[in-house]
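Once you scroll down, you'll see the structures, which are given as structure tokens.
Next come two complexes built around chain A: one with chain B, the other with chain C.
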Partner chain A sequence: MTTKVTEKRMQEREEHPMERLLRMDRIPHIWCPTCGIGTTVTALAVALKQLQLDLNNVAIVSGIGCTGRVAGYTKLDSFHTTHGRAIPFALGLHIARPDLKVIVFSGDGDLVSIGGNHLIHTARRNVDITVICVNNFIYAMTGGQVAPTTPITARSATSPYGNYEHPFNIPLLAASSGAVYVARWTALHVRRLTVAIKEALTKRGFSFVEVIAPCSTLYARLNKLGSGLDLMKFYHDNSVIRHGADPKEVNIDYQSKIAVGKFVDIEKPTYLDCLNNAYKKKFGDKYKPYGGGNGDK
Partner chain B sequence: MKFWRTPLDIDKLKVPRGELHIIKERCKGCGFCVEYCPKGVLELSDEFNSKGYHPPVVVKPDECVNCDLCEMLCPDYAIYCVRVEAEEKEVIN
Partner chain C sequence: MKADPKNVLTGSHYLDGNHASAEGGIAAGCKFFAGYPITPSTEIAERVSRRFPLIGGVFIQMEDELASMAAILGASWGGVKSMSCTSGPGFSLMMENFGLGIMLETPCVLINVQRGGPSTGLPTLPGQADMMQARWGSHGDYEVIALAPDSPQESFELTIHAFNLSEKYHMPVLVMTDECVGHMTERVVIPPAEEIELVERRYTDKEPGEAWPYEPTEGGVSPFLPVGKGYKFHVTGLTHDYRGYPVINAETQETNVRRLIDKVNNHVDEIIWLEEKDVEGAEIVVMAYGISSRVIQPAITKARKEGIKVGQIKMVTVWPFPEKRVRELAGQVKSLIMVEMNYGQVFLEMDRCAAGKCQTYLVGHAGGTVHNPDDIYKTIKEAVK
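Let's look at the complex of A and B:
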């Protein structure tokens, strides 16, 4: 039997929707097959689109690493800084141009190891930026060395018999340092991740989203865990949604259950609020608040 | 389409339909789209692209509900879905 189908296209999309956010002259990107970083970038793109933000007012900053390539691939005001220095660069950008939305997009090694001090102090001061941290449990770009996020017993190029150092619990680090929004998802939870990025971008203050993502070439291979698709299947079977969980209880052990969800969402004056309030108190009407209104954007 | 309960407005419900676009040369054959398509629309093909990867192929075009999950999960921006409206449609049985 033959079919009779009359079809009407709803939208003419002759190009991939991601082309709106990507520097297409740099695509295809360098990420390996079954690497999860590309998926997390889609979540950011969809979040920006759904929030209908004017992309002229959005800046993205990365450090160094496979994840550090993200800034260079995105068609925003993008800055590829030195290793570990994405957050201080973003902080300077935010203070100089408080009208911009400033996003830091970088890896676990970059943000939590060499850049760890910047992370805790920028969170402590509740600077109004959004940090997206792709955690693949390893220093991927340089060949898979042990990171401060590598779970105990996991193998890396520099822990061939298994890691024996206590790793950081990143949500706890961010929350206890002062972040007002902390969430964790995996690359597989791409829709929930998009919602979290939207919430983080709308939040006033230091917002932090951790994304667990597959590094197929190093983390998966050195640990004989299969491909990135196998890691996605692992996330599917082992992620537990625990909104509001105490960040103390969301540490990740080697191939353990992964607590995901929104762990922190609180209100607190931002760095610019505090600055403006302190000077207003001291100088009264002579002081003109910086950053528009009372530090508001 | 199967529902876990029959929606009250079933007569008015229109299941969206999607048309897939695959940019074969950009695909790295990860299989994310194939594995997580809720409707089993895709399979990895036997075909090679110039980098030696097997891009996906649409095996059940009429089943696609334009949910965009393949598009969102694809780490290489190699697949996307466009909504189409079926005005008149009889399915081959």
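Let's look at the complex of A and C:
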């Protein structure tokens, strides 16, 4: 009897989606308890499992930050690059190997501040990669400084009297730059977030998923918002599902209601589609469609 | 391996240095180019953008040089030979991910067509004042390899050589040319593909699960792990161990940085490429690189006609610096002269290695034009005293 139970547990254990995706030899990780990054990684793991993707063909690229550490914990071909440059690195990798699924997993500061230019241009080109952005409204890794996503009045280590700069509305930024898939969920919408990541990974073109996540140690503490779990629940409970909402209307104020859902899901030729179509038109049969680094072989 | 005939424009052409550099990259098998326009380097990107579609390459004009450098690293990890080109202001931006390329040990080639600086400086006129930036421009300790072509022919050849070195030593390699070479048109002889020797990427023969990206090896670099084949490797710009995993302590830092330094330093004899003339028995040796190594000729001829024993060394590789050779010469000659279009950058190294054993002279200026041969001649006369 006991043996059977143990065996069953062992089997379950082996099938645990996290173990399939995590580098167990690097656990324990550096993230704080109740940090929102964890559930987001879980959502990615479950999404990859449910999609039954061959993990050999999935690569992940991160920038720098607490979220930027994700690449280091995922058992995929994984690249931990420089602050803000995960997207252009991923672009190069994708063009060299269009047969791979390339995921960028990074923070709001990394993707929207220092990497903002790369975000908008890669969305504009509709490069076929998936970007997962953990928005904790703060630069967590460096100790909780103000970010271009910090809501007005929120405190941070460098906005000690409350932030007064207008923040970015990230879905609007991604959508207006040309992303073909844009969704937002909170870190506690694990099931819906998983669906969104699955859709993003399946989408051809530049897909973008924003995850509103608590930084328990810095943002929650500096703003006296309770524990990470309190804040995670707050975000979840104050979110309003508004599929198809105009991205112009999904900005977030300090501790306000949060519009979540799938805001954009459109079809558009990808960067490589456009490149191939243009050259095919110009050169006719002389042109061999580019299919990867060994395209001419 | 030999070059692919499809990529090689065999024959005799009139090309400027920039077009020749582009052809060198293409002949070397480069299939990904990411760059951002900047004078005086743009002709390289323009030629690549025209040539790539029919030979299976992708050219992309990025949003800036930060992205360009990051993109060629990504493509190189995807197994594709990659390059970019730029000039001073763009070189500054590229230093960020040049450092990542050094740290991740990523083969690729970066051509800097030098113009006058600092800042926007002289967009259309030559300089050689990025040489120390090439050496130390990204933060941290590391070694670099930088080549300096003196002509369109060498722009072609050294770009291929740069790719070969980058694949051999797993690092970005710099081609430090200048506006003069970039824009001068001369005959360039492109040999048949079978005469172009290429170094291809060496991949591990170990199974997934058994191989790590930075295993210690005798030569200092470990075979590459291919993406998409189940190795599921990790690489990071953080200080890392042989597994590619970040380890934040002094001991790992020492091993990691020593690895980056030793893989070059232990092979300087193979890497360093000097062309010496009349050095045997010389009283004075003039050192120069790139275009300056041609500009010194009239002054040397004139001085030799007068019976002054002047030898010359053209540094095809500037970094790593030929420390051993300069130390040796310093004990034999009366004076060493460095001629460069800056106020004494590579001169600093020459002077350091001379260690007071001979006189050292700099013929330098702020850039914008090549040297006046008279200035070089006068320095030779001064140095022989």
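Definition applied: the second predicted complex is superposed on the first by the 275 of 297 C-alpha atoms of A that agree within 3 Å, B and C clash if a C-alpha of one lies under 4 Å from a C-alpha of the other, contacts with A are read in each partner's own complex, and residues count from 1 in each chain.
By our rule, a contact is a pair of C-beta atoms (placed from the backbone, for glycine too) under 8 Å apart; a residue touches a chain by one contact, two chains touch by 3 or more.
Since the model is a prediction, treat every value here as computed from it, not as a measurement.
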item: Which superposed partner A:V182 touches (first chain B, second chain C, both, neither); value: neither
item: Which of chain B and chain C A:F79 touches, first, second, both or neither; value: second
item: Chain B versus chain C as contact partner of A:A47, first or second or both or neither; value: neither
item: Touching partner for A:T34 - first (chain B), second (chain C), both, neither; value: first
item: Which of chain B and chain C A:V211 touches, first, second, both or neither; value: neither
item: Chain B versus chain C as contact partner of A:C66, first or second or both or neither; value: neither
item: Chain B versus chain C as contact partner of A:R23, first or second or both or neither; value: second
item: First (chain B), second (chain C), both or neither touched by A:H121; value: second
item: Chain A partner contacts - residues on chain C that touch it in the complex; value: 6, 31-32, 34, 53-58, 60, 62-64, 66-68, 70-80, 82, 96-97, 99-100, 104, 227-238, 245-246
item: Chain A-touching residues of chain B, taken from the complex the two chains share; value: 17, 19, 21, 23, 26, 28-32, 35-36, 53, 69, 71-78, 80, 82-93
item: Residues of chain A touching chain B in the complex; value: 1-13, 16-19, 22, 27-29, 31-39, 42-43, 46, 187-188, 190-191, 194, 227-229, 232-233
item: Chain C-touching residues of chain A, taken from the complex the two chains share; value: 23, 25-26, 55-57, 59, 61, 64, 71-72, 75-82, 84-85, 87-97, 99-100, 117-118, 121, 275, 279, 282-283, 286-288, 290, 293-297
